[in-house]
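Order as written gives the chain letters A, B, C, D, E and F; numbering starts at 1 within each chain.
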């Protein structure tokens, strides 16, 4: 992902991106059932670095396993590249935590761009207060060892019923999180910027009393000229 | 619905209305699973204008369908009468959006009193910032075309497992939304105002240390006099 | 529960307590599916006083039943001992209310330490504004009579899939609620205070750039000395 | 319950009983989510004897607890009166068993009229082969100790979202199970027998080509005479 | 639908049809969550005639409503054209019945080709014994009046999350039910017959020890000749 | 797994094995939500060979992918070792198939001991008629490409919320499927055989009128002698 693309994706909504992907035949890229731990008022953007959890078996998941420096959960936190989003496949099960504030703080300090789990975080109130954007299903205080064993790092996973491949571009806003296949990120970002300009124009028109018929989507010629004028005026 | 009834319904809670309907044998009028996109601190009140979604079939729901000025979703937004609440039957499925900020803005500008979906809205953070009250299940960024085809306007529908007939009176507060059958709206509004007066009196008493036994509901005669005095004093 | 234990439990997180219980073989003490009606920024702590709801049968649950001074819901509110947490088994069904603002206000005035239901409260917006901590699944305006009949006071119950025995110690923070078996409350509180000290130290280290490997959990000797120094310095 | 009533209830369907109860304002007496472990082709009928499970806490539910002769699960099996139906409140959770074949065999030998759980039975294939009717949600092999602690015998419970009071009359056919409040069992049985006669007449008419309009329910006078003739001819 | 198409659809599986539709971009035509009340060992085939249920409101759904000869549920049964499949939108809610044995018997006598509900049937054991194929979610004894009000006949509906338009061709086998858009029924039937021939050939080969690689799907030329020989030999 | 262990596991129930594992601290080894496609009246036994599905992305899952001889689903079928059970992680999603009859037939011909998916099979009626035991959640006709992409072979997976490692011993009976960690299979098989002998003895006693108290579990000395006599007599 280029810096230009990252910047573009910072300024468009997940809804707009979802429509851009829908045009390309991808109907199912919004991670279902997750929301911001706390809204940040700005987008999370970064390539996906993944962690896969499987169900925990009691004899393999005593508290002592965390003493192992190679435990995949810990390694994921310590190796997630700067600017990447750590995406966790928690099998949509928030009855135990995917991670807690100490790990997410460490991820933030290391330069992580964000974290997403289709389970839940413990210490969620604290995580919500951190700078790093975090998305989950709901707060969940039990240690992950109760239900989840971290088993694989940076393999293809599912998260909230969406396919996530390492390197896919992950974007989150105050509503949702979307996964853009790596090979189409640039093109989708470009289109989303264009769409956003038009949507902003439309919103202004609608607030001024214009009907949506013929305007959104544009089927009347008259709006083409107005939009061009608006772009010129607003430098977009 | 008279303006007097609208005013009364603006000043009572959905909980109180639910009890008033329960007394009349209606146990199931609170829309399940919806909440305010953002709390407004005031009630939404208006007759229902409905939109029915059915499952979307791919060949009937390409992006181009919105170019049709007669698309029912667009028409619903453009024809919902002033002062009405647009209620959408999204089959309790929030995996794709019921509508987005541009349409809801248009509905607001046109004088809509509010909007309710048992699915989810895209651009929910933006919608939450609008003046118009909106209720849904959760933010959902994918375009409705992925799952929902708007098929009927102003027919009887289900919303959150509640029957909604066009013209039924819809009231929402910061907790929930309730549907009052049109023919009993006046009578229920009257009763709810009375109940609210008594509940406000009770709350004051309870805060002052009174037990609820005999007071709520009132079975002790002594509270009758106090309540009458309270009403006189508070002009209610 | 001693006052010392209460104080300790006021200053630790539910996540930490969950881990302390996990060490003792208890994996399932966090009440699933409940959250604060409104975050209080402080812990709820108190022994459990319980109320059991069963499904409501129509002929036993007309509105008049509340005129009975011995109705178990009312009695629970009026007899819950000071400093206790009222825990309601609502069978995880929030389609009707577990209680409303008047009853919760009365509980608060009587000195209740908090209230938890695995269903939902009506008048939730009002309850959220009260001093008393309250936890539920979601706002629910219908009267409990629609679905729930209060049947037993202070018997062992389930709440959010967790066993709750009268007298068990209930702790809630801004994320979750946990149930500590009465006989181990002192010991668990002690351990949680110790763990919290270390976690606070770790958070400080991690914010300063330290890796979690060897630090959390501590396997490197060097951190032992730093921690002891930190404790001395911070008086913990 | 008289023997006459038991006999009547043996020869009517749960559907017919549900309608008879609906006429009396009871809408919710059919236990949701249970079915026969194996269809018996005959009705289960008997007064309810109840067992309440709560969530299991690990330290109270080691395998050794079954050595206690007073363990409520075992006591329920050994004290359920002859001709009664043992109804278990398993909180609709079939992830662990409510009971297994040995206990159900013992219940059968002791004269139990049947067993119902809103969880699942282990050894279900074996239980299905026993003479005693059994109803559950699905086979479930894990011991109940994993999730369920038997805590109360013969108290009011919920089963499949239905209120069950000890002594209520429980009837199961090859579709479903219904709970008839004890005080109305005789009257409901009488009415159901009458309804069944008419339904059998209707079925015969419909198979012969008659329209249901005017016949079911009967609004045309002509069907009254035919029905009376049919009753006389069939001795019903 | 021509008789030729009907015959073809009688001899192919729903799985094969699902793949044929998938090739045409339709991914979601199999009705989710329904199965045969009793397997028939033969396909149900017919154009859809639809019935839409909405949530029932108590004051509109007393038992007496069935005395109305224009009640939509009754009218649907009496007007569904011969050879058609009656498809009911029961909002995936099987807590009350969609219909019972008397109505389904009448539908059968009138020549209905089958019946599908995404809710449940009462008298299911009896319905399972009828000649007419019926599909539902599970047996459900309560009268539909408890939850469902029949409101519309032969409008577009959802059934098990699938779009069903009147006239769409509905096919059910012992596994599932699929909805084929009317305009592509002939073409899909043709293709499915071809696919079935090849699948039958493949099954025979695989039973004889052949690997699926290169055979299913066919990528090796050698299988083309064998298949042609097989067709000639088996007259397909 | 030795042949002796396989034989032992063929003659014990999943319920007995679940209890044997519970004694060793493993509470969660029974795969939740699966049942036999058709009961076989005999156990499925074999080491696990696994296949992991992830959510399908449209552009990676066109029908042509099956032409690739290296497609993981096909490879899994063709490489699962003789005597092994193929266990599929379908993320508990049965909206599309995990496999169909041709692949399962091929697996059977190759000597597979069985197949388990926590999703559903297409052509389930046919699969149920095959010799090979198969377990799933429900029949599901849509091709797997709609929802599932086969991504990994023989890695640790979750199936029905249970951890499955390649080589773990999988046992299925007519109720459920259980996963025994490889390293304890022999010991658990031995214990289960012993337990089964005692349970068979108990069943005989209970059918003869013996109370379960003191017998199951055995706490009375007298039953020890009877059991030993029974063993001698029955050669067990």
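Basically, a contact is a pair of C-beta atoms (placed from the backbone, for glycine too) under 8 Å apart; a residue touches a chain by one contact, two chains touch by 3 or more.
Worth saying up front: this structure is predicted, and the values here are computed from it rather than measured.
Taking a step as a move to a touching chain, how many steps at least join chain B to chain D?
2
Could you name all chains that are in contact with chain C and with chain E at the same time?
B, D
Out of B-E, D-E or C-D, which pair touches the same way A-B does, with over half the contact pairs the same?
Interface equivalent to A-B, from the options B-E, D-E or C-D: D-E.
Please tell me whether the contact surfaces of chain B and chain C are same or different in residue numbering, using the over-half criterion.
Looking at both copies, the contact residues mostly diverge.
Using the stated contact rule, I'd like to know whether B-E or A-C comes out ahead in C-beta pair count.
A-C
Just how far, in Å, is the C-alpha centre of chain E from the one of chain A?
Computed from C-alpha means, the inter-chain centre distance equals 39 Å.
Indicate the whole-number Å distance between the mean C-alpha point of chain A and the mean C-alpha point of chain F.
37
I'd like the Å distance between the centres of chain E and chain F, where a centre is the mean of that chain's Cα atoms.
Each chain reduced to its C-alpha mean, chain E and chain F end up 31 Å apart.
Provide the list of chain B residues touching at least two other chains, using ranges where the numbers run on.
Residues 27-28.
Kindly provide every pair of chains that touch.
A-B, A-C, A-F, B-C, B-E, C-D, D-E, D-F, E-F
Quick one: in the complex, what on chain E touches chain D?
63, 66-67, 69, 74, 77-78, 95, 97, 100-103, 105-106, 109, 122-125, 138-143, 145-146
Report the residues of chain D in contact with chain C in the complex, numbered from low to high.
Residue list for chain D touching chain C: 24-29, 54-60, 91, 93, 149, 151-152, 155-158, 161-163, 181.
Inside the complex, what are the residues of chain D that reach chain E?
13-15, 17-19, 22-23, 27-28, 30, 32, 35, 39, 173-176, 178, 199, 202-203, 206-207, 209, 211-214, 216-217, 219
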